[in-house]
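Below is a structure I'd like to ask you about.
Chain nomenclature is as follows: A, B, C, D and E, assigned in order of appearance, with residue numbering initiated at 1 for each chain independently.
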Amino acid sequence: MDLNILWYLVPSVVMFAAGVYGFVTRKNMIAMLVSLELILNSADLNFVIFNRFLFPDSMEGMVFSLFAIAIAAAETAVAIAIIINIYRAIGSTDIVETNKMKH
Amino acid sequence: MVGNIILYFVVALAIVIFSIMAVTTKKILRAATYLLFVLIGVAIFYFQLGYEFLGAIQVAVYAGGIMVLFVFAILLTHKPNANAAPLGSHRKIAGILASVIGGGLLLWALFTMPMLETSEGVRSLSDAIAGGPDISMKMIGRAFTGTEKYQYLLPFEAVSVLLLACIIGGVTVARKR
Amino acid sequence: MFGNILIWFVIIPVLMMAGLGLCRNSSMAAIRTVMVVGSTILLALAIWLCVDFLALRAAGNDAEMLFTGSWMWYAPLNIHLAVGVDGISVLMLMLSAIIVFAGTFASWKINPLPKNFFLWFALLSTGVFGFFISIDMFTMFMFYEVALIPMYLLIGVWGTGRKEYSAMKLTLMLMGGSAFLMLGLLGIYWHSAPEGGELTWNILEIAKNNAVDPSWQNLLFCFTFVGFGVLGAMFPFHTWSPDGHACAPTAVSMLHAGVLMKLGGYGCFRIAIYLLPAAANELAWIFIILTGISVVYGAFSACVQTDLKYINAYSSVSHCGMVLFALLMLNTTAMTGAILQMLSHGLMTALFFALIGMIYGRTHTRDIRQMGGLMQIMPYLGVCYMIAGFASLGLPGLSGFVAEMTIFFGAWEDSDLFHRVFVIAATCSIVITAVYILRVVGKLLLGKVQDEHHWQLTDATWFERLSTVTLIACIAGIGFFPNWINETIQHSFLPIVQAIQNAI
Amino acid sequence: MDYSQFGAMLPELIILGIFLIVFLADTFSPENGKKFLTPMTTVLMLLATVAIWIVPSCGEAVFGGMYVDGPACKAMKCVLNVGAWICMLEAAKWVESDVMYYRKGEFYELILVTLFGMYLMISARHFLLFIIGLESASLPIAALVAYNKDKYESHEAAIKYIITAVFSSAILLTGLSFVYAFSGGSLYFSDIAVQITSGEMSGLLIFALTFVLAGIGFKLSLVPMHLWTADVYQGAPTSVTAYLSVVSKGAAAFAFFIIFVQVFGQVYSAAWEWMLYAVIIATITVGNLFAMRQKNMKRFMAFSSVSQAGYIMLGVMAANQLGMASMMFYILVYVVSNLGAFAVIQMIEDRTGLVSMDDYNGLHKTNPYLAVAMTLAMFSLAGIPPFAGFFSKILIFTSVTSHQNSMALYMLVLIALINTIISLYYYLLVVKAMWISADEPKIGAFKSGKCEKVALTVCVLGIVFLGLVSYVYKYFIDSVGAETLLALN
Amino acid sequence: MGVTLPILILALPFFMFLLLGIGGVKMSRKVAGILGILGMGTTMTLAYIVAFTYFFSGDPAFILDGVRQQFQVFDVTWLAFTEKLVVKIGFLLDPICAMMLVVITTISFMVHLYSWGYMEGERGFQRYYAFLSLFTFSMLGLVVATNIFQMYIFWELVGVSSFLLIGFFYRLPSAVSASKKAFIVTRFADLGFLLGILTLTYFTDTFNFVDMTSNPMNVLAETGGATFMGASVLTWAMVLIFTGGMGKSAMLPLHIWLPDAMEGPTPVSALIHAATMVVAGVYLVARMFPVYCVVDASMTFVTVVGAITAFYAAVVACTQIDIKRVLAFSTISQIAFMMVSLGVASTGGVGDGHHYTGLGYMAGMFHLFTHAMFKALLFLGAGALIHAVHSNDYTKMGGLRKYMPITHWTFLIGCLAIAGIPPFSGFFSKDEMLAAMFNNNWIWGAWMTMVAGLTAFYMFRLYYLIFWWEENPDYAHHKPHDAPWQMSVPLIFLAAVSCVAGFIPFGELVTWNGAPYHIHLEAPVACTSIIVALAAIALATKMYMKKNDLPTKFKNALPGLWTAAHRRFYWDEIYLFITHKIIFGCISKPIAWFDRHVIDATMDGFAKVTQKVSFAIRGMQSGNVQAYVLWYFFGALALAFITWICLL
């Protein structure tokens, strides 16, 4: 028994699934962002896993992950700025508060 | 070898458990903390897979940078032990369905992926690490400053513009006037 | 390009629009001047074209289309601005010019926004003229749609009654038809070069190569025929017609019933039948059933209507059904009759609607139960109405008779029972037509004056007289001397009938 | 280390240059001396458009094949640049308003950065560069959406936008990670195109494509990834909405085409053809069905743009040179038509704060020119000749039907065509409100500003002449010709 | 003969129509009247010249070896349906045409003249003359037709002229409805005519009469023995064509319009509904006679229809109160007489040398001629009466012989002529007809003799009720007097003609094949008919000469029959039922309803369903961004699923 690609993919998928669950069920916007990080990490991990197991002689996946981390940081920053902004405006970071526009 | 396996199980278990806890806990600060554990777990995986630089970045940027951002945000917008309760059961069921179906399908897809038919696809971690060169900082440095194929100067510059834009955007949004 | 006479049929309305654009909104005189000058030039141009065309034909020029010209437009798709006319197009242009001319006078006192009204009116004419001069499917379709859309505003803004509903319904249904049509045209284009030649939108070239893959013809035929059939008020896609006509202002009803509905019939043979002859032979029966129903159904429906415009709208359904019906007989005589019927129906319906507009403008009602004995009050309009009525019910000496007879004799050439049954049904419509026309005439014009207030009404003014006299002269002209038109049309149908024959 | 390769990125450099000029000028000019910003930026943008158009592209892949700026890319960028320019013109009045006064520099900067991101999306031939472009094009927009600080809707719109955007980028990254598994170790488009062939289909590839489609489809507001659209369009400042609806969408469409046709073209019929059928039909239909009920003009335009996205996608369905060129043409026409409509909406909203369709009743009495412009825009969007929208629609249908033996594609076009009837219905509702409704007009007569006039004039000219002048389409066809072949080989 | 005169004969009335129709508004009545009369007079003169030239010039074009020829003066193309089926407008001169020219122009002229007096003071006097000219033009065009389609064209035109003239008093609702009825019923009949033409010419490939009638066996051959529902196609065609004739000539069951048509001015009734237009059906059968001859069944049909109609109309005429209606039914009956005469003429086949072949034809034409004269006379007389007492009912008359001597005497002559009393013209023609019938089959002879008796009875009933019986007390207030000269002159002229027309050697002039036919009185037939007629007159004298209660008793003895006859055997009610209840009620209304509530509702339904769906799916846009994400995610999964399904 040795560790192969599937071993690593399973936690990644679990992170993805948990992230999706959290993203759609958490009321708090920041909690949603937390869930989002799980999904992003799952994707990053996938890149790395595939890089290592399938294409070990190149490092495209790893580089991609690196950039993805930077992008994730940027996303988070902007999102948090907006959340803070909303908090200032309506005094809440509850996602259900923001459903005035519909239909 | 065995150490690797044991490490894998520990980390994988931690990732799974803390992922789930991060999205189910009622306290938002806790959720952030669990997320931190997951991120560290992932970083350990990176180390295990032989991407030390990436692991380090993961710890530095994520665990160091993003988590701090989260904590600040949480503290700015909540009392520390504010409630982060999920929604009513409808949404919960929908969420569970989404995650289970989505995760299940993805697992199915991954377990049936065609690469598993090839010898490369099923090689072990040690073979895989042995199959590729050691990723040295020099290689990474060259890759980030080169303009040839498999070199990433352009994305590197581009992402700087992105970050600058996000700074401007974030500032514009967040500042009062 | 500008040396081609046909192009000017499009340029002049565009210039009219430009001229109107320069007019001030309040300056009725300027607006009228532009319209009258423009429409007169168009009429003169049409007459000139007609004379020139006949002269060329007489000189032995037997080309399928004359005055052809072709200018590359969208080169990658081989789209040309291709123009050319055969006898039928010439007559259609003539018809359009006449009705535009008459329509201008019929809307002499249009209110409100006269400038905008005439702008859209001119755009509508652009589309109509452009359609008839085109021999490129793309430009043809473009002009077709150009002609359709101004209807919405013309009815919506200047109409009466449930105008918003009717305008919307009319526009949407016609656009629905053109949706099918467009797909049909695209299909024809992409199948126009089966052996790897150059794809073309040019009708003549497609027809010459007899190109369209037979396995696709049936589908495309259905698309194109239904597409044009909607505009031709084919059962069961005719319901836009009564509402639309009822609510439209006078000139728009005239132009719409008079010319626009002809676009449907024209397209049916020029594209659906000509380019897809095998399918036409094979599928004609389906549409014969539908159009046969149209003919009788429209006539019966007209019998019990009480609104003048509804009567004429249903009558149009019947008559236009006859056009399509005749086209589907796929022989020269009947198809010639169809064109004659188009001309005849165009003129006489335009006359009808003009008169109804004039009557409505005076009495402010179109309900025949509220009117009566108008012949005593406005004899001129009454007589014109009767003439229109007689033309509609096929009185010899007026155009309707010529058209219907040609259709019947042509349709009778197919001797199987199916055709016979439907032809007999169609001929029955002439009796029903008489019933509803006389019903209207009896209630509206004859008998006692229903409403005492009507005694104060006046007879037609000079511009109304000009408008009606033009139309009546044409109706009688065709009725008296049909043969030159008939020969012109028959000659134009030769290649089309040849294509049909070859495809059997 | 051939840094001269940056010279090949002329359009990006130009935009970055403008960005820098604006940035510096904004930062170092005194607070009350920023009047020159708007004229400067708009003039620079116009010059940039001309420059991008005139200067020939090198057409070669640089950075090891990571970046290409061929004629087609150049044409696309021109289209986007024109769109952005018109957006800026339309925004000029709003930017000068009190709320905006201290933030107008940032407004232009953010717009320029997103434009830069879109250029990268189009020119990227490597997924990394592409994703960076995508994020540059979408994240700053979130900030722009949140610009109207004193309006609650703006906040709500911003959070909805950013939440959906980050989720979709996460999904896109996941999808790309799966693509990577198939890529043979390289994320260069040309390498992937060779690796992914129709030989064998697997669940993972399907997921990869689905997630990539979903990720990009979010920017295009394809159904079911479209739900943010209406709320965001409604809540965002109108200029931003306009920008989102045309430029952002246009860039995404181009990127979509490049990725799906040039990268995954080999598995067209095997993997994503049916997916796209479903998406296109759903997009057109759902967009239409929602649009027909809307009363808020911006929301209305949002759903209309959802539906339009479906038509744009038909170009991808065609998946050939015609499709690409038709799509480009469609987007250009869509740019002028939609921006024409938004110009009117924005002007009215600026002056009166009214955005409901009912408020437009009788507009022709007080503002006839605006009513005419709006009518033309609506006709063009509905595809009525002789306006440009007709040509763009028919050309895109032509491109789809070029697969002349595919009955399925013909039926797809039929569905699209039938949907045009619904769309005609709701576009006519606007026309009806302006021209037919007998109500007393709520909107008083007002004068429009210079920039707005220019914008509206450009849009109207575009609406009227783009279709009639076949040169534009020919230009697109020619520019696509070479590149499509290049990439697919 | 040049073409000038024939063309003028047609063109002049048409020109008068245009002149009076368009310019009439600007003319005074007098000018219009004089113009009309002058125009008609000229036309009459021209027609006389043409007819006399034809009959008596001896030109070989007209008569060759003693056989009168058919001569196409001109024949110009009007409309070419196909290469062979070409509609031409021409002028065919042959015996019946020449005779009709004389009849039409004479009566028309008389009516023009008469109307000057009769219509004086009516509104639309100019219009009236215009319509008369139009009618004359149409009728002339009909009789000179060289081909069946030309005939059809003018057939329609006379129909519309008739419509216009019946509805001349268009302010009266009854006139309007009568004119509508006339037009629609004849139009319906014309549908048959049209179908007949279609069927016939489909085989013959020509419209031309001469082509068809000169070789009728060819026509039969060209149909190739095609049959439809048991009868040969040619039979169908000829019966359908005859349908047109039934409509115009008011044969059962298409007769109902004619009595109502009496709403028109009386001179119009004289011209159109007595003398000329209504005999168009007879003329049509005569025109196509050789072709009818080759299909016995169609001839039998003509005979049967004629016989039934003759009897029916005669019976109804006995019970009518309105004097014009009596005359109308009398007209129907007399035309039916001609039909029967034509119908029996052929039996025995063509060319087998049967003696009587052709007699019926000649007699029918002869009767057409004489009938035109005396029936016009009677109508004009009736007009004079109406003019005098301002009523159509004989109940308002009685004892008028003292007040209106000219009318009385001329009317009496007319009655005697129609009753078949020698030496008045009716006797001669009727005698020939009866002879033809007896020779064909004694049943027809007996039957028609009985009808002749009825004719004599009701005519004298009318005569006595008007001129004898009992004076109307109203005369005290309003003394009736004879008509002015414009009206009297035509009466006297026509009376004179009725007296002498019988002596015209008609057989020398008009026969079916142009060869002269020598008339000789059939003594037994003549005696029988005279006896029957005299007996009927005697009975009428007994019942109606002096006021007595015999009529009432008679009426009470047979109440059902009398009422039924008085109500014209309920034909009008049947028609009303068919038109209003069935066509309007059961077809038109449901169709109109169907159109609005099914077809249109379906179209609206599409819109409504779209609206409904639009409303129903609005929950998708719930406003909650997490729901959006869920849609997003499930949508992506669904897309993957769709692809997977499609790839399976």
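Throughout what follows, contacts are C-beta pairs under 8 Å (C-beta built on N, C-alpha and C of every residue); 3 or more make two chains touch, one makes a residue touch a chain.
Remember, it's a predicted structure, so these values are computed and weren't measured experimentally.
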Return the chains shared as contacts by chain B and chain E, ordered by label. A, D
Chain-chain pair with the highest tally of contacting C-beta pairs: A-B
Of all chains, the one whose CA centroid lies most distant from that of chain A is E
Nearest to the mean of all protein Cα atoms is the Cα centre of chain C
Need the most distant chain from chain D, centre defined as the mean of C-alpha atoms. E
Using the average of all C-alpha atoms in each chain as its centre, how far is it in Å between chain A and chain B? 7
Distance-wise, how many Å sit between the C-alpha centres of chain C and chain E, to the nearest whole number? 37
Distance in whole angstrom between the CA centres of chain A and chain D is 27
Could you tell me the distance, in whole angstrom, between the mean C-alpha positions of chain D and chain E? 77
Where chain C touches two or more other chains at once, by residue number: 172
Two or more partner chains touched - positions in chain D: 128, 132, 135, 139-140, 142-143, 146, 158-160, 163, 167, 171, 178, 181, 186, 203, 206-207, 230-231, 293, 425
Residue list for chain E, restricted to those that touch at least two other chains: 607, 618, 621, 623, 625-627, 629-630, 633-634, 637, 640
Here the pairs of chains that touch are A-B, A-D, A-E, B-D, B-E, C-D, C-E, D-E
Going by the contact rule at the top, pick out the chain A residues touching chain B in the complex. 1-11, 13-22, 24-28, 30-31, 33-35, 37-38, 41, 44-45, 48-49, 51-54, 56-60, 62-63, 65-67, 69-78, 80-85, 87-88, 93, 96
Within their complex, state which residues of chain E touch chain A. 618, 621-626, 629-630, 633
If we count contacts the way the header does, which residues on chain A are in touch with chain D in the complex? 16, 19, 23, 29, 32-33, 36, 39-40, 42-44, 46-47, 50-51, 54-55, 57-58, 60-61, 63-64, 67-68, 71, 74-75, 78-79, 81-83, 85-86, 89-90, 95, 98-103
Along chain A, where are the residues that touch chain E in the complex? 20, 23-25, 32, 95-96, 98-103
Okay, in this complex, where on chain E does chain C touch? 77-82, 85, 87, 149, 152-154, 156-157, 160, 163, 167, 170-173, 176-177, 180, 183-184, 187-188, 191, 194-195, 198-199, 201-202, 579, 583-584, 587-589, 591-592, 595, 599-600, 602-604, 607
